[in-house]
Structure formats: C-alpha cells, structure tokens
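Just below sit the structures, each encoded as structure tokens.
Common to both upcoming complexes is chain A, partnered first by chain B, then by chain C.
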Partner chain A sequence: MRNTLFGLVAGRLGASLLTLFLVSLVIFAITSLLPGDTAQQILGQFATPEQVAALREQLGLNQPAILRYWHWLSGFVTGDLGQSASNGMAVAQLINDRLPNSLILAGITTIVSVPIAITMGVVAAMGRGGLIDRLLNLVTLSMVAVPEFLVATLAVLIFAVKLNWLPALSYVSTVDSLGDAMKIYAMPVLTLCCVLIAQMARMTRAALIDQLDSPYVEMAQLKGVPPIRRVMRHALPNAVGPIANAVALSLSYLLGGVIIVETIFNYPGIASLMVDAVSNRDLSLVQACAMLFCGTYLVLVMLADICAILSNPRLRNR
Partner chain B sequence: MQGESLIVRDLEIVATPDGGEERSIVSRIGFSLAPGEVLALIGESGSGKTTIALAMLGYARRGCRIAGGSVRLGETEVLSLSPVATRALRGHRVAYIAQSAAAAFNPSRSLMDQVIEAALLHQVMDRRSARDKAIGLFRDLALPDPEHIGERYPHQVSGGQLQRVMAAMALLTDPALVILDEPTTALDVTTQVEVLLAFKRVMRERGTTAIYVSHDLAVVAQMADQVLVLNGGCEQEQGRIEEILERPRHAYTRSLLAATRPVRLADSMPVATGQPLLEIAQLDVGYGKLNRDGEPSDKVLRGIDLTLSAGRSIGVIGESGSGKSTLARAIAGLIAPCHGSVQFDGTPLPPTLRGRTPDQFRRIQMAFQSADNALNPAHSVRRLLGRPLETYFHLDRAERRRRIDELMALVKLPTSLLERKPGELSGGQKQRVNLARCLAAKPDLILCDEVTSALDTVVGAAILELLAELRQELGVAYLFISHDISTVRALCDDVMVLYHGECVEFGSCETVLEAPRHDYTRKLIGSVPELRPGWLEHHPLAMAEGTPA
Partner chain C sequence: MNSLKTMTHPKANTVRRLRHGSHLPVGAPLRRNRRRLQLTRWIGLGVFGFWILVALFGPLLAPHPMGAFVSDQIFGGMSAAYPLGTDYMGRDMLSRILTGARYTVGLALVAACLASLIGAGFGMLSVLLPRWLEEGVRRVFDTLISIPSKMMALVMVSAFGASIPLLITATVLSYAPGAFRIAHSLATNLATMEYVQVAHTRGEGRLYIAAREIFPNMIQSVLTDMGMRFVFIVLLLSGMSFLGLGVQPPAADLGSLVRENISGLSQGAVAVIAPALAIGTLTIGANLLIDSLSTSRATQKE
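Right, the complex of A and B next:
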C-alpha cells in the first residue's frame, strides 16, 4: 500500500510540475498576445512616445519574449516572483496580502458546504424517487440554474437593504469579534454554498445510487442489514472515490473562480487581484496567480485520488 | 436450527415498469417442501424463477411487488411480517446465495467481515464464536487456508472460492431455508463440480431446506428432490425430479430437456475437402510489457498449431483464462502475436489490423459473446446490417435493401424487425442480428466467441442449429470457442482443448470427446453433469472425498 501511494504521489507530483510548466507557457503566450502595451497602460493615454519607450526599457519589455519568459521562470523557481509592473510592489507581497483572505473564505465555505452537500446527497439517494428526493432534486437544480451574481445581489437586497441584518460589503479589516466575522462572512459564504452544495449533492447522489443498485447492497438487504447501515457501511465506502473527486473539483473553484462574489461584496481576495492584474497587463502577477490556482487544483485532485485509493482495497493492496 | 417446512400458496407478484401499467410477472405459484427437501425452480431468463425465490425472503426487487399469496416457513407467515421482523428473518432463518458471488460481495470490506455480519446483526452469536464457526464452515466447504481466507478481500479470491465463501455466509446462522440462485452458473464446469459437491454435503449434514434456482436441468438433477418448471411466471409442471426427467408431461419441459443436450448437427454435413484456409504455426501470444528477449510479461498462449480447412468447423474448449478468446483475438488482429505465424488462404496475415487489406478484413469476421455489447444500441437493425455492406461492397440503395432482406432470411428473422433497435429485441434475436452482420461481409471464416453462452438453453440450441445450417448453405468455416462441451460436440468437426494457454489435445470431435487421451480433457468431459440423479455422488471427486453415495 505504501508503495502504491508513494508511487502515485511521486508520479502525480512529477506530472503536476510538468502541468505547471505548460500552464506558465500558455499564460505567458496569452498575455503576450493581449492587445495593448504594459508601459502604455501604466503611463496612460497622454504619455509621450519617449516616456513609453523609456519605461519599456526599464521594464525589460524590449527583450524578446523567450528571454523575458526565461527571466521570469528562473526567478520563479528560485522563489522570486518578481515585481508587479503596475505598482512596483513585490508580487509575493501582493499575494501574501490577499491569499489569507481567500483561504479563510474558502475554508469557511468548505466547512459549511461539504457536510451539507454530502448529507443532502445521501438522504436523496436513500429516498430515491420519493418526496424528499424530488424536493431535493428541485432545490439543487434551481441552485445550479440561478447564477451566483443573482444570488449575491438578492442576498444583499434582502439581508442588507431590507432587513438591515448584515453589512452589504465585507470589509475584513473591521472584524473585532466572532459575531462581526460571522456577519461579514455570512453572505459571501451563503452565495458560494448555493453553487457548490448543488453540484456536490448531485454528484454524491449519483455516485451513491450507482452503488445502491449493485448486487452487494441487495445482498446486504437480504442479510437483514437495516437501511442506514446499508448506506453507511456498504455503499458509501465504495462511493468515496467519485464523491471525493466531485468535492475536489468544486473546491478548486473556491480559490480562483469566486471573482463575482469578491466583486459584489468588495471582498479583498485573490481572484480580484488576478483580474486586476490581467487588465493592467501585469504579467508577473498574472503568472503567479495562475500558477497558484493551477497548483491548488492539482493538489486537490491528488488528495481526491488518495482518498479513492485509501477507500478501495483493490487499489490499496496491489 | 434444522430445516423447516415451506408451504407456498397462490403467490402473485406484479411489476410496474416506469410510467407503465401494473402487470403480473408471477401468478398462482404454489408448492410445499418437507423439512430438508430441495426444490428446483427451473426456467429461462424472465420466467420469474429468481423473483419467486426472492419472495421467500419477503423481498421484491425495485419496481416489483408481492401482490398476494402466502409463504409459510415453519410456523411463520413470511409475507405478513413487519419490516423489522422481515429483517430479523433475512440472513438468520432464511439465507440467500446469489448468482454472481463476485458482484454480491462488497469490494471494500474483508470477506470475514461480510460473512459474520448477519450473525452479529441478528445477535445469534458473538464475534469470536462467529469467526470460529465461519472458519469451520470454510474448512467444510474445502476452501484453501480456512484460517486466513477471511482476511482477504473479494478480488483476491477466485470465483469458485467466492461462491463457497458465500455459502458459508449463508449457512453461518444455521438457516431453516437457503435460497440458491444459480450459484454455479458463472463457474467453469470443473469448478462447478467441486462447488456442487461442497454445497450438497454441507446442506445434507445440516438438513437444510433449500430452493435451487437454475436453468440447467442436469445440475438440478444432482441437487433437487422436486422440480417446478416455470415459463412466463406460470407453473408448467411440478413433480419429483425422476418423474420430470423420465416422463415429462408438458411440451415446454420436453423442449428444455432436448435443448440441454443438443444432438450432433455436424454429421449431416458434407465433409469439406477445401483448401487449408487458416494455418497457425507455433503461435505465442501474451499481454503486458515486453522484456529484453521480446517476450511479454504475461504469456497467454504458447506454441499453438492449428489448420482449418474451408468450410470446416473447429471447436476450442477450455476453462476461463485458458486463452480461448485470446486465440480468436490474435487471428482477428486485435492483438499481435509475439511468435509464430498465421496464414490465411496461403498468405501470411499481418499481425495487427493496421497491415491488413480490406479483403482480409472482409473474409474474417468475429461474432462476440454478448450481442448486447457488440451492437450499437442507437442504431436500427437495418443500419447495423447496412454498414458492413457499404464498407465492403459499395452497393446501391436497391441492391442493399435486397441484400439486407436476404440476410434477415438467412438468420430467420422477419423483416418487420428491421426498423427496431437492439434494445427492442430478445436475446436470441440480438444474437441472430449479430450473426447476420458477420454474414453481411460474405466471410470465409467466422470466429465465434461463446456465442451461445449468454443465451437460455432453448434459444442457444436454436442458434447452434442456425450456425450448422449456415455452414451447410454458405460453406463458411467456424472457429467456435466455447466452455460448453455439448455445444462443441453438436457443431464442430474437430476440437482443440486448451489448458493454461497450451493445446493439450487436438483431433476430430468423436475421438477427443469419446476417447480423450489427456488427463485434463478427461477431467473436463467428466465434469459436465449428466441428466440423471446420482451422477454427482458417483463423480470421481465425490468418491475421493468419501461422501456416502
């Protein structure tokens, strides 16, 4: 088992490094293709051509793309993420300011959404075709169908504007007590949960029903095993693989994909940092963020696979 | 606990298909068993035998409902128990042995965990004594390493062993009634004998009442005291096993009996004196990575020689894993041999599909075991048959229509089925379409890989007859792969016996099957149950075990 797991992790890490490298190439190529010019963008419309040329020289934009990429890559490998082109701050510093916020939001959302989603999936699968299942199906479908900006806007309208229970904007700096924190995070977490829970619950239901239809669950029933034990002891352990993967895919969205939520609640997370960086042609910042998102995604998927292996004796005891 | 009596009266079971009307699938079934007796439920798939057997546990599958009747086990009326009482009955007083043990064991839990689960759940005994008893049963059922086999997971144990572990699971609580649902259908004949012997001995020792579900009359003859013949959910005939075998009253029973051991069809054929069509010399095939000498890590076939003349039919028999299908795949070009040569009609065949000419493709066709998987479920029969015609013959529209009608006539299907999809056909019809698709290419050689194995006995016998007729009419040659000796005997001129990837015996059907020279061939032939009660008791294995006959 140790060998399998070790081999998998080693293989995955290798593949992840390669993926990250390819991603950095792609991002670099795309940002180079973007219309406009970083120097022009920084100096504004009224800069003289001489000023622009001087800045281009200073930023190293006159060098060939391959050379620029090489500089960036060698810096990245040695831990130097470079300087932000738009405000001259260290990229590491910028990310360092934002990343904790994003991680807190992602963490709270995970803690809230995963248990709810899995419970909903399990309950729906157990009562398949029944009233609860159809009700949950309706709820999750509508949650998937409603775009998150609508959920966020409605939440603001109801809880902040009408009821005046919660602040409309999430200023992290004003947090003093746990109560404050809960108020601030309530609406962003609610919005994110809406999307995530629906996806995860539906995947859980599907994965579980797959197992509940299998002959060994029927066998358990014919041995007199009660329904809850059939699900928890027999079916669920075999559904861990697909469920873990569904959860990993959903959670990877929490870091980079939450731009709408960050914008609406004015939450200083890392997604908005990257979007700003793109509009400023801030190549090194874009690269760093992209690598971060990609890395997170790869780690999550690997964790899901490890879960699947640990839960499956066929893979475990190879 | 000793076996108890079982009395079933007027059992009615209905099914409600999605959005459809409720319809009866089992009606007016009744029988009665004295303690320790075994009843066989026999019939084709869809005859309701498993549905009836499951009703003994008060269970109906999704979409089905027990609508009426009574199942009385000892003093208990099973069908009127509360859900909690039903659960207490299952896995305790009534136990179930499923058809495919490989699917019926939870892949993620150890065998011992699952074997003793019911005993612990019903608080029959504590964990320690349950374990000890299970190990004792493993030993009784002749499982290897009874002390430790329980620590393994289902995938680490062979199919025949799993089936016995399942029997141990069923017998652990000393049930009054055991339901055996085709417990040996998925096994090789040689393994089947061992499992049947183990079941029979253990059940007799304990005096267990049992219901044995099967489609194989010969197996039933070994296991049952009484037989209930089913067709379409209705009783056709019921009686003692000897009576049914010797004096079947009902026409359906007679057709079942006839189909169980098909008559020899090959004799009526002209002895083909055709050119050698397929010549295989020193063929080695394997899977996995090649080592330094170019040998694959997992060699499946070794040193196979075979010559098949035009219009002849060679049977390939052996147990699962003996390399039968690999031989067909190598000839078809689906896997490249690592040594040896395959000549087709005098020219060497390229090892894989890539090097073959369209004409070579056309002349060698393969018919797979499961027509369900081989036919695209989204295409109509017309389209399925039209595709090879387009590929090989570039016929115009009218020509193609005519040829499709011709093909349907060849496999004896009405042209009214042409617009149907495979899902709307019966198992036998699907296999006929599958064959018609092979014939569309006007092949010289058809590789038949277990084409009758997934079919019911009667349907399979009809397909065999069709194959024999087609050979006579079209002069096509067969490489007929089967694990069932009686089908090979019925259809083939020559037979090759494969054992662990090597040909242990080759010769004409009569010689090999009537006077086998190799030990394995003898064992294989000796393992096919005969249609008479008492065969099992006199089997060499039983004699060796010292079971009283």
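Right, the complex of A and C next:
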C-alpha cells in the first residue's frame, strides 16, 4: 500500500520533471528561433555589422541551436543563468534579489484568501439554492471575470485618492513597522485576493456539493443528523482532497495575477522584473523567469494532482 | 484537470457536466429558480450584446477621430462635449473607447474561434487516429498547457516583438490545448456510448462516426467552452496591452487605454476608470451569459 502510494507520487514527480523538460524545450525554441535578430534587437537599428557580429560572438549565437540549448540547460542545473543583456548583471543575482519579495506577496495573499474562500464555499454549499448562495454565485461569477487592473485602479482610487489612507505605490524598502508593512501590502494583496477568492470559493462549493449529493450524506440526513454536523463531520472531511486540489489549482492563478499587480503597484518582485526584461528584449532574463514561473506552475498542478490521488483511492489505480 | 465526469442524476437522467479546472468557472447551481436564471441571462445578454454592437458600429458613432487632439485640457472630467472626459493628450475618451473596443472584442473573438477550432478539431481527430499518433498529439498539447498563458505571451513577445498576428498566435497556442482537452475527453466519452458502438457494429466508417454520431453531441459543450475562452482571452490580451506589450500605438485596445492614462489615476481621471470599467463589464457580461446558458441546459435535461 505504502509502496504503491510512494510509487504513484514518484511517478507524478517524474512526469512533472519530464513536462518541465519539454516546457524548457518550447521556451528555448521560441526565444531562439531568430538568432540573428537577438543581437540586432539589443543593439538597435543603427548598429554596425561589426558590433552585431561581436555581440553574436559574445552571446554564443554562432553555435548550433542544440549546443546552445545544452549550455543553457546545464547552466540552469548548476545555477549559472547567464548575464542580463541590458545591464550586464548576473541573471541569478537579479532573480535572487527580487524573488523573496514575490514570495512574500504570494504568501500573504494565500494566507488571507484561503480561509475566506473556503468559508464562502462552505456557506454557499450549505445554503444551496438559497439567497446567500445565489448572491455569492453572482458575486464570484463576476469576480472571476474582472481584470486585475480594474480592481487595482478602483482600489487606488478609493483608498489612496479619495480616502487618502494608503500610498498609491509600493516601496518595500521603507518598512519600519507592522503598520507600514500593512499599508504597503494592503492594495496588492486585496487586488490579488479578489479573483483568487472568487475562484477558490466556487471550486470549494462544487467539491462540497459533490459530496453532499452522495448517498452517505443522504443516509445521514435520513438518520436525522442536523445540517451543520452533516457538513462538518460527514461531507467536509471527504471533500478535503478535492478542496486542496482546488486551492492548489487556484493558486496557480497567482502566477498570472502578480504580473499585472506588481507592475501597477511598482512592486519590486520577480514578475515586474520579467515584464521589464520582455520590454528590453533581455532574452536570458526572460528565459530564466519563464522557467521559474512554469516550474512553479507545474509544482502547484502536481500538488493538486497528488492531493486528489491521496484523497480518492479510486484514482490510485489509474 | 479538466476531466469530464458523467454522473447519474436521481431523476434517472444522465446529466453531463464539465468538471471545471483552473480556467473555467465552477459548478453552476442546479437548483436555481427560473426567474433568477432569466435575469442573469438578460443582464449578460444585454451587456455582452451592447459590446458586440459597439465593436461593430462604435467607430462609426465616434464623435471625433481616434487620434484627434480636441481639447486643451488633459484628463478633463465628464462634460457635455466630452462625455467620458479627455485623455493624457487631450483626446476625446469616448471616441477612443468606441474605437478601442473593436480591437478588444475583435481580436479576442478571432483568437477564441481559432483556439476552439484547432483544439476541438484535434480533439475529435485524435479519437480517429492510431494510438501512437494520438499519444503524440496529447503530449504536445499537454506540454503547451503547462505554460501559463501570460508566460507564453510574454516569452513570444520578447522573442518576436508585439504585433497583432503574434498576439493571436500566442493566444491560440495557450488556449487551444485546453479546448483540446475538453473536446478530447468529450469525444472519448462519447465514443464509448452505445449508439456509437451500434454504428461501429453497423459497419460505419470512422469519419462517418466522428461527423454524424460524435460531433453533433459535443457541439454545445464546445461552444460553451469557446465562450469561456473568449472571456479569458479578453483578459489576457488587455492585460498584455496594459503592460505595454500588446496592441501597439497608434492603435489602441481598451487595455492600452488604461495604460496610457494610468498617470491620471492620482487625480481620479475618468480616462483611466472608463476603459477599465469597459473591459470589466464586457467580461462579466459574457461570463454571466455563458454561465446562464450552460446552467439552463443542465436544468432542461432534468
């Protein structure tokens, strides 16, 4: 039993690694399809042919693609991510400086959103078809389709411009007290939470309703178990797996959300680093950031899968 | 993630419902009263229809040309002459939104149709293909689905620069795999149905089965899925434009309008709120409409 379960998890891990390898191929292929252009793009239109040739030499663009891919990939494994083309710093150093900020933002968002979302989902599922459920359905249905920058601009307009409670921009360097930190993180976290909570609440509701529809809950109802106990003691423990699955999948949304949020609030995280890199055509930095994001995404999807497998024995023999 | 689940409903009818993954809104309530359902549908239809009309006829109705500098005042408020104020260069915001909506809606519609066409096409096809080829097709789409859509778009823009054909390509590359997964699981599920097996036994060819037995039964789900994809593509493309990596000036979609006027946010300018609200209403309207349509189909079958 333990053996097969371990095998399953190891299998998922292997599959994820394989996918990550294939993803790295895709990313490398896209960013290296036009090798001549890269040097040209960096130097601009007015570069002399000699300059372009020199840069091509420096970037190693004259080597065959497969060799460059090998260097790139092995650099990845050893932590040598190359140099940023726009400011000459090591890519690993740039990422190292920014990554903690993004992780803090994502961490706070997770801590805030998960309990709220699960509560909303459980409340909606318990009062299925009732007023609260329909209201939550309408609200969450609208929230999942709202662009982050609408939430962000409205938040800035209300809290920073009209009420003057919060600064409009985030600067992590000026944190002195807990109050300062809360002021800085309030709006980015609020913006990220909106969509995230809506998505998670809907998935939690669906997962719980799946359980509530099953015969054993009907049996409990016929036995005369009161509704709260029915949900808390009977349905919820069985829905934990699907809910964890939903949470992990929703968290992968954060990867897209932070890109907009970090840009709009000038938050010095990894996503705004990547957006700048894309604007500057700084390909080695883009590649590294993209791999980081895709890797994180794969980890979250894998965790979601593993949660689903652990919670549902029927999935184990697939 | 987006696997399909067939569940038996107490009323002895088989209700097929999509289990939604990260990209789809989840589980519409089945027991909803009729009037309420109609209400969200009409709201959705009204708002979404409005934006379709704007995309079709907006540029004709615009009081000023999109790029015309009409006012000396930048970030002007709402007035009779300029109902949505003026932008950071003193251009009429209403005209710019009416024109920009065409880009937002048009690009997303084209991309959604292409993504669904390619995804659903391969999804159906792979049921007909030999085993090893089906596995190969699945592997390719599985790899593509593992790249978040914004990453795909960012990586492609960094390599090729932002242009409209490129944006559509990047969008299709990241949204076709999802469409493929859904179509593929629908098609594989349908392929095990009795009437399909009867057709097999009858000696019908694979192409006939795909076209006459499987396709008609999945078209509705594919269309609903396409609607969802449209919403997410609008969000992706306007997000890219908001980052300055989408539609490039002088052309402007709604996302670019938010970006170029973002400096007016500290003054509470209408010019930044209006286009942001425009995108929000478009996507919310479309989402409500699609949800009510898919929900009512579920209830009809009960």
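Going forward, the second predicted complex is superposed on the first by the 290 of 318 C-alpha atoms of A that agree within 3 Å, B and C clash if a C-alpha of one lies under 4 Å from a C-alpha of the other, contacts with A are read in each partner's own complex, and residues count from 1 in each chain.
Criterion: a residue touches a chain if its C-beta (ideal position, glycine included) is under 8 Å from a C-beta of that chain, and two chains touch if they have at least 3 such contacts.
Please read all numbers here as calculations on a predicted model, not as lab measurements.
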Touched partner set for A:31, first chain B, second chain C, both or neither: second
Which of chain B and chain C A:55 touches, first, second, both or neither: neither
Which superposed partner A:247 touches (first chain B, second chain C, both, neither): neither
Contacts of A:224 with chain B and chain C, given as first, second, both or neither: first
Chain B versus chain C as contact partner of A:256, first or second or both or neither: second
Touched partner set for A:301, first chain B, second chain C, both or neither: second
Touched partner set for A:144, first chain B, second chain C, both or neither: second
Which partner, chain B or chain C, touches more chain A residues: C
Chain B versus chain C as contact partner of A:197, first or second or both or neither: neither
Chain B versus chain C as contact partner of A:133, first or second or both or neither: second
Contacts on chain A seen with chain B and repeated with chain C across the two complexes: none
Chain B partner contacts - residues on chain A that touch it in the complex: 214-216, 218-226, 229, 233-234, 237-238, 311-314, 317
Complex contacts: residues of chain C adjacent to chain A: 1, 19-22, 25-29, 31-33, 36, 40, 139, 142-144, 146-151, 154-161, 231, 235, 238-239, 242-245, 255, 258, 262, 265-268, 272-273, 276-277, 279-280, 283-284, 286-288, 291
Touching residues on chain B, where the partner in the complex is chain A: 54, 57, 59, 61, 86-92, 95-96, 98, 100, 103-110, 117-118, 121-122, 153, 155-156, 169
List of chain A residues in touch with chain C within their complex: 19-20, 22-23, 26-27, 30-34, 41, 128-129, 133-134, 137-138, 140-142, 144-150, 153-154, 156-157, 160-162, 168, 199, 202-203, 205-206, 209, 246, 249-250, 252-253, 255-256, 259-260, 263-264, 274-275, 277-279, 281-283, 286-287, 290, 293-294, 297-298, 301, 304
